[in-house]
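Presented sequentially are two complexes of chain A, the first with chain B as partner and the second with chain C.
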Partner chain A sequence: MTTTAVETVTLTIDGKTIQSPKGTLLIEAARKAGIEIPAFCYYEGYSLQAACRMCLVEVEKAPKLQVGCTLPVAEGMIVHTDSPQVQKARKGTLEFLLTNHPLDCPVCDKGGECELQDMVFRYGAGESRFTEMKLHIDEQQWSPVVFYDAPRCILCYRCIRVCDEGMGVGALGLGNRGASAVILPNKVTGDNQHYLSCDECGACIDICPVGALTSGIYRYQTRPWEMNHVGTICTHCSNGCKTTLGVRNGRIIRGNNRDHSGINGEFLCIKGRYAFDFVEHPERLQSPLKRVGDRFEEIPWSEAIETVAARFSEVKAAGGKFGVIGSNRTTNEENYYLQKFARQGLGTSNIDHQRTGDLTTLLDALQGRGGALATVADVYHAKAVLIVGSDLSQQHPLLAFQARAGVRHHDTRVYTVTPGPVREDKYSARGVIAQPGGEIAALEGLREDLAKEPELVILFGDAIRGDAVRALVRFADSLSIPVKYVCLLDYANSRGAVDMGLTPDLGPGYHPVDRPGLTLDQMLKASDLDVLWIVGANPLRNRALAGENTFVVVQDLFLTETARRADIVLPAASAYEKNGTLTNVCGEVQRVTQAAKVMGTKPDLEIFGLIAREMKINVGIWQWQKMFEEIRKTVRGYNVPLPVVATGGAAQTNPVNGRVPSLIRPEEIRSAGDTLFTSGTTGRYSNVLNAVLESPGRLYSGK
Partner chain B sequence: MTFSPELETKFAKMLQSYPPGRERSAVVPMLIYAQDETGYVTDELVEEVARRCGVTSLQVHEVVGYYSMLYRKPRGKYHVQVCTNISCLLVGGEELYHHAEKKLGIGNKQVTADGLFSLEEVECMGACSWAPAIEINYDFHHAVTPEKFDALIDALQKKHS
Partner chain C sequence: MLYNEPSPLEVRVLTRRFGLPDSASLDTYLAHEGYQAFQKAVKMTPEAIIEEVKASALRGRGGAGFPTGMKWSFVPRNSPKPRVLVVNADESEPGTCKDRLLMEYDPHQLIEGMMIGGLAVDAHRGYVYIRGEYRYLIDHMDRAIEEAYRKGWLGKNIQGTGFDFDVYTHSGAGAYECGEETALLDSIEGKRGIPRMKPPFPAVAGAWGLPTLLNNVETFCAVPAIIRDGGAAFAALGTPKNGGTRLLCISGHVNKPGVYEIPLGFPMMKAINELAGGIPGGRKLKAVIPGGSSCPVLRAEECDIPMDYDTLMKAGSMLGSGGMVVMDETTCMVRAALRIMKFYAHESCGWCIPCREGTTWLRKILERIVEGRGQKSDLPLLGDLAKNMLGRTFCALGDAAAMPTISIVEKFPEEFEAYFSGKAVESAARHEPAFVTA
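The block that comes next holds the complex of A and B.
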């Protein structure tokens, strides 16, 4: 692709001469010059609306005030954004916007962070000339998470556009006309009991400049300035969205993406925005438990740690057999510590976690290539995206959002090869239906189109594993275009679990170990395990453990099926209650910051450390910073720039470059197939995820 | 849902009269003709029009909410529309409307108990030269006086008693 030099024009805004690329909107050109043109309906990245009239500016030689959000800059244009005429227009616009606005700011959720409040404060008149009664419409609940208060609405259409264009759902529209116009949800009923059938992502609430759309989770809970805002990473899927948790008195009250500083920009799905409620689910474990007969007894932490350490030491001394199963959600530091504990502390290679995608084979197949793994941003910037064997909008909502944004902004061509209809069908260049196992053959049908693309990002799900991954890479090679890959994985740190060596054959950084141990399935089937230590995983959900006399230690948030089989259960802290780093599906390392504390629980890292200390073995200091430092020094690819991570950015790890002699067992790789409304164990204990009508949802339904 | 054979023929022709891919253009005419058969715009009708025109039902609801001549509630067998816009107003349109309220015993957008009549105060119907004008279903009546109005209503009433 050749890039032509961008033509620039010179214009004057408020006496300031500025240069701006031709075609830039006046509002954007002014913003880049540090001049604010106020607006409600204008929102960068979405279609233009010109509905609110707040951005009226004076352009010399134009007969009347011009709309700054739709007016492209032109050569020699002279603009005044603060003339008496403009000031009067703004006052008038705000007076009209407040005609029916209830001014219930003291009880409105948005009070304190409301764009209408700010605008009136800055540009508005203190008095209104209206003496008429305000129109009132009762508040409506559209879903467990979305409430609509029509009188507060200023009809900026942002919610309608973000739902249609951003989310690809189109669940919001405009009802009626004129002064009685309201926002409508997609399920309109004759008896006025309207409701929503959508992703329940809350993007409409987030983007609402006023308090018209409010969240069922957060409404009337607090004033925004009474919260601490903790930027951390969502613990649910693997996409690694930043969510800013609003915390008051140690309780998480809301999640949103307050400053849009994460890799997800303005995007969050229902999980990142609302599904933090598992943290205070009444069934959350808050004390260590010890099995006595067929029931559990609460015991103090000291006794629990002593019991576990004593049994570990005893089995180790007797040369017994250990098994360790790690988590897809614990931090990199914890994963690293756990594998070190297993390999050095317990002397076993029997360590694994539930594999949800075949990353190792991909890394091996990519031998000799640099920079062949895509970032979240690459999925947006790519000219073409190929999705193989995944219902991306359901399973990887951020990546799907990125692809949609690419289509909207620069005509990204999206291709899909899926076992059923997907949301991408609405805007994909081509979609092919292929049953699991038939994907690679089906790709041939797309060959001609794909080969014409200048570049490609391939995202593939768990159906592509083992030799199919190599076949996929061979196919991509044969296209002779630059290709980047994303191997789709399930949970917040599925990627970090593999990178940190929670695998029987590969240590941290994919270094092969001398004597590979047992895989997860093999451990569950082994009848002679003396100890099975399961951290943040639920492998016994629908399988049984063969070892009848195996001493089972489980660290988890809830009394899962696996925990019920345990001899000792240790209550762990969730990702929202600890510090550390997570690596997302694209290999980007991000910082997790503690937002809440649940009494009686401990972060897994601390639990590991306490057991090690009790056993009198040295695995390392159980502080996340120390462990992260060790990871940066020793794990290949993780020597990421500290400032990026420390300041809440995402640093992509430089992955290994082939030569990964993995003994992967493809049959053990399976995704849990979570939808937008399920999320493994934490999802089962999230009231919000279970409360929405759409839950649990279904993959490949075309939604 | 299906309509009368005549309407089905009309709709089939209608969908052909727009460029391919512009089937959504038929939303408004389809609603207005279908409404004459169903009496008002039911939820079922919205779904059907959405399906036939290839749009979401929400998009059809947006249209229905916008146009005042699309009704979400049942009307009377005879829908009486009285213009009170400027030309009619000047020659007694408003008085005529109030008379109509009394005569029929109902207010704006209400239906008589027997379901025979409904009343609506409307804006200009383009019959200014013959003001004050009323429209009963699709029939215009010009230079209507209260007496003429009573006669019209009585005649319709008689037809159904």
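The block that comes next holds the complex of A and C.
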């Protein structure tokens, strides 16, 4: 990589002499020097508007006030950001802004977190000279998620830009003119009712500095200062967005990445921002259930644990056959504990989970090559990104967002190989259409372009598995450029499930086991299983269990198709209700923190521990910190720095060194094909996801 | 029929063919020196053409009065991107109605001016952006363009000169703001007409990001005469740095309102009293808006000046787009201010806060005053609010709204006082100035 030396200029802002790279926008140069130049429309990372005029500053020798958000710094510039002239201009602009603003702060969702309030507090006049009638337009509901209150809108155009430039959707625009100007959604029905057809991600609501855009989920629920804020990780897809849950009286009422920290910055998709509502779905299991004939009966936890432990001990003593199916959503500590329980406690290797991508073959093909696995940040920084066999914007919203941001900020070239049109087509350098199975052959069509790239990040979906993964790596190797990979997996801890050894052939850290056990499909097909223990998974959704006499124990949030087949159902806590760590699709370990508590449920780790204690076997202390310590010490690649994780950062695990002799059966690898608006079982119980009008993306769904 | 009787005091350069039978036809044009300038220009170097325009001291007739030759020299002729030419025929400034006559009576003069512009910046494509309300003119221009194509004055290899040039008309949709050059460019591109950030200026990155030569209709119309008779001859008609003639649109309280072609430097009082036949009923002059509603108002005693860009600037106003509005002693300046502000509040595009909110607020205050609900503090408030807009908006529309307001408030405080004390409200004789708008 060549670094071009950037010329530095020296300028003076408010008497402070500062140095700044030539071309830096004055507003940024000032910010770095600790001087705030206020602005509404300026938003780092999005296009410049110069519309709000709040950032006007005095630049000596300029005939009039200059626009701080568009003015590049120049040598010798002398700037005053707080002169009487500047102060008067800000006061004047805020006074103008408030003329048609309803000032209904007492009932506004944004009150207390509103940039307009803050701005008026800091820079505004003590009184208003406006005594005329204000303009009024009634509030509009654009979708189950988005409400627009035009009078509160200060027309900063952030929403338009975040939707267009950030999300690649472009569902918002500007209508009318003058004081009647309003933001408009992209659809209007016959009777002139507006509705919004978009990702429903709420990015516009989040970025709105005032209460003009509010969410159907959060509006009128609380005053912001009445919430506790819990920083955790989204429990839906594998991308692992950081989110801050606003909690009041034990209820989660808001999700946003409040401090814009972590791997996702300001990004969240609809699932991360709103689909926490499954937590309090009325069908949530809140008591253990016991099968009595063809009915379920509620039983106390003590009885449930005793029954399970007794049966497990009995089968173990008799040398019976166990099957254990783990989850894509439970924590690393839980997954680690479960496999240990199975292998050491029950003495079985029959443990698996629904695999959603062929990570093991990738690791084997890479053979421990250093730095070959990309982080989420790598996807953003990469000079070129290749997406193979995935509708990235639908299935991996954050990764798609990062690629888009790369295109916008530093001209990342995006290439796609997909079976149909995808959103990336709008900004990709080249895309080729290839039917499933034909991806690798189709790559040849991109060879010439890709070989010219200085580096590449390849993201591939479940269509690329087994030999196709090896062929992909061979293809990439033949380009002779540095390449990093992301093997796309489905859910919040799909990666952690593989890493922790929820597989019949590989233990934690990909250590081959002596005698591999049954795979998930094999367990379902085995008629002689004595016990099948299913944790946070719904394999029986569209398949049957062969074992008619198998004693089935299910831990889940809801009475899923699988739970209906159980003999004992144990109501589990969701990832929003527990502590621990998750590993995202890029192998980055992050901390989940309990935000809510649902009566009657228990975290899976506690359930495991209670069963173990009842069975009088020692699997370890069922405390997440203790387990995480054990994982850091024993699982290859997981000796991540504690402070990073403890402070809410993402620590990438080290790649596995050497070969991974996996016995993987490619045909068992299958993504659920979730889209922006689905998320497996939890998605089915999210009212928000069920309420939005958009049909899920079709490209990879419905498999 | 002509819009108004010509006056012998006029110096008719751009309007010389007005009044000829069938003046809009190609034949009439050709019979009266038409396309001679093009034939001459096609043999000149682009540099020489631009030098000639510079020598003419022609300044933009769209409002800002920027030296045209200089603007032409900013267009990067050797840019790898093709260059385009845009004619601003949005003519929406209240008081201004000259571009329509130029297009109606002599459309080929505009086409020839564009072709010479094309030669000067090596552009082969031109757009005439015509305000939507001029529907009939769009058809009219289209017919002239079609005739030019048919007879080989547009298209490929024009008259065997090897020069290719295409002209298209493009309709506005009723927004004053789309006359602002960069909003116009967005509009041409099919977007909402919002002004763009400058730099880059249109000369460098204009329509579709291409280097764009953009001028007012009248500016382009002056070019054939400049090339034909020489820049120096054109310049000599006016005053130093204010070359040539321009079309003055006189409206309001005059006996003979109309469009008159005057050499720059023509005395303002002479324009009112002789060109336009004086004020009806022998009434006294009260105020003049010299160049369209965006210009600060001059009191009668300030009007004894020659009309050129620099003198008007010195007098604290502007020559603008040549839309001169004459107001006699019966005019209510408060209502004049309201009429002006109604226009700007209606036309503000809404992009930036001070203009969007300021124009509407000012309109509301003025309405309230006129309805008799004003108070003493409104006078300084009006001035202060207008000053809070001035120089702080995204484009010049905000300034255009602020400047006349500030001037009326400062120059006619007693008229506001009359409303505050209740005297003016009862007076029935007051009326708004009659702006001539199309």
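The criterion applied here is as follows: the second predicted complex is superposed on the first by the 689 of 703 C-alpha atoms of A that agree within 3 Å, B and C clash if a C-alpha of one lies under 4 Å from a C-alpha of the other, contacts with A are read in each partner's own complex, and residues count from 1 in each chain.
Everything below uses one rule, namely that a contact is a pair of C-beta atoms (placed from the backbone, for glycine too) under 8 Å apart; a residue touches a chain by one contact, two chains touch by 3 or more.
If you're wondering where the values come from, they're calculated on a predicted model, not measured in any experiment.
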What's your read, chain B or chain C touching more residues of chain A? C
Between chain B (first) and chain C (second), which does A:E95 come into contact with in this model arrangement: first, second, both, or neither? second
Per the contact definition in the header, classify A:A544: touching chain B only (first), chain C only (second), both, or neither. neither
Just chain B (first), just chain C (second), both, or neither: which does A:A451 touch? neither
With both complexes overlaid on chain A, does A:L174 touch chain B (first), chain C (second), both or neither? both
Scan A:T70 for contacts with chain B and chain C and give back first, second, both or neither. second
Under the stated touch criterion, which partner chain does A:A310 make contact with: chain B (first), chain C (second), both, or neither? neither
Please indicate which partner A:L184 is in contact with in the superposed arrangement: first for chain B, second for chain C, both, or neither. first
Need the overlap of the two footprints on chain A, from chain B and from chain C, as residue ranges. 173-174, 176-177
For the complex, which residues does chain A have touching chain B? 170-177, 184-186, 188-190
The answer for chain B against chain A in the complex is residues 42-43, 46, 56-59, 61-62, 65-66, 72
Touching residues of chain C toward chain A in the complex: what are they? 175, 177, 192, 194, 197, 345-354, 356-361, 364-365, 368, 381, 385, 388, 391-394
Given the complex, residues on chain A that touch chain C span 48, 50-54, 56, 64-65, 70, 88-89, 92-93, 95-97, 99-100, 129-130, 132-133, 135, 154-155, 173-174, 176-181
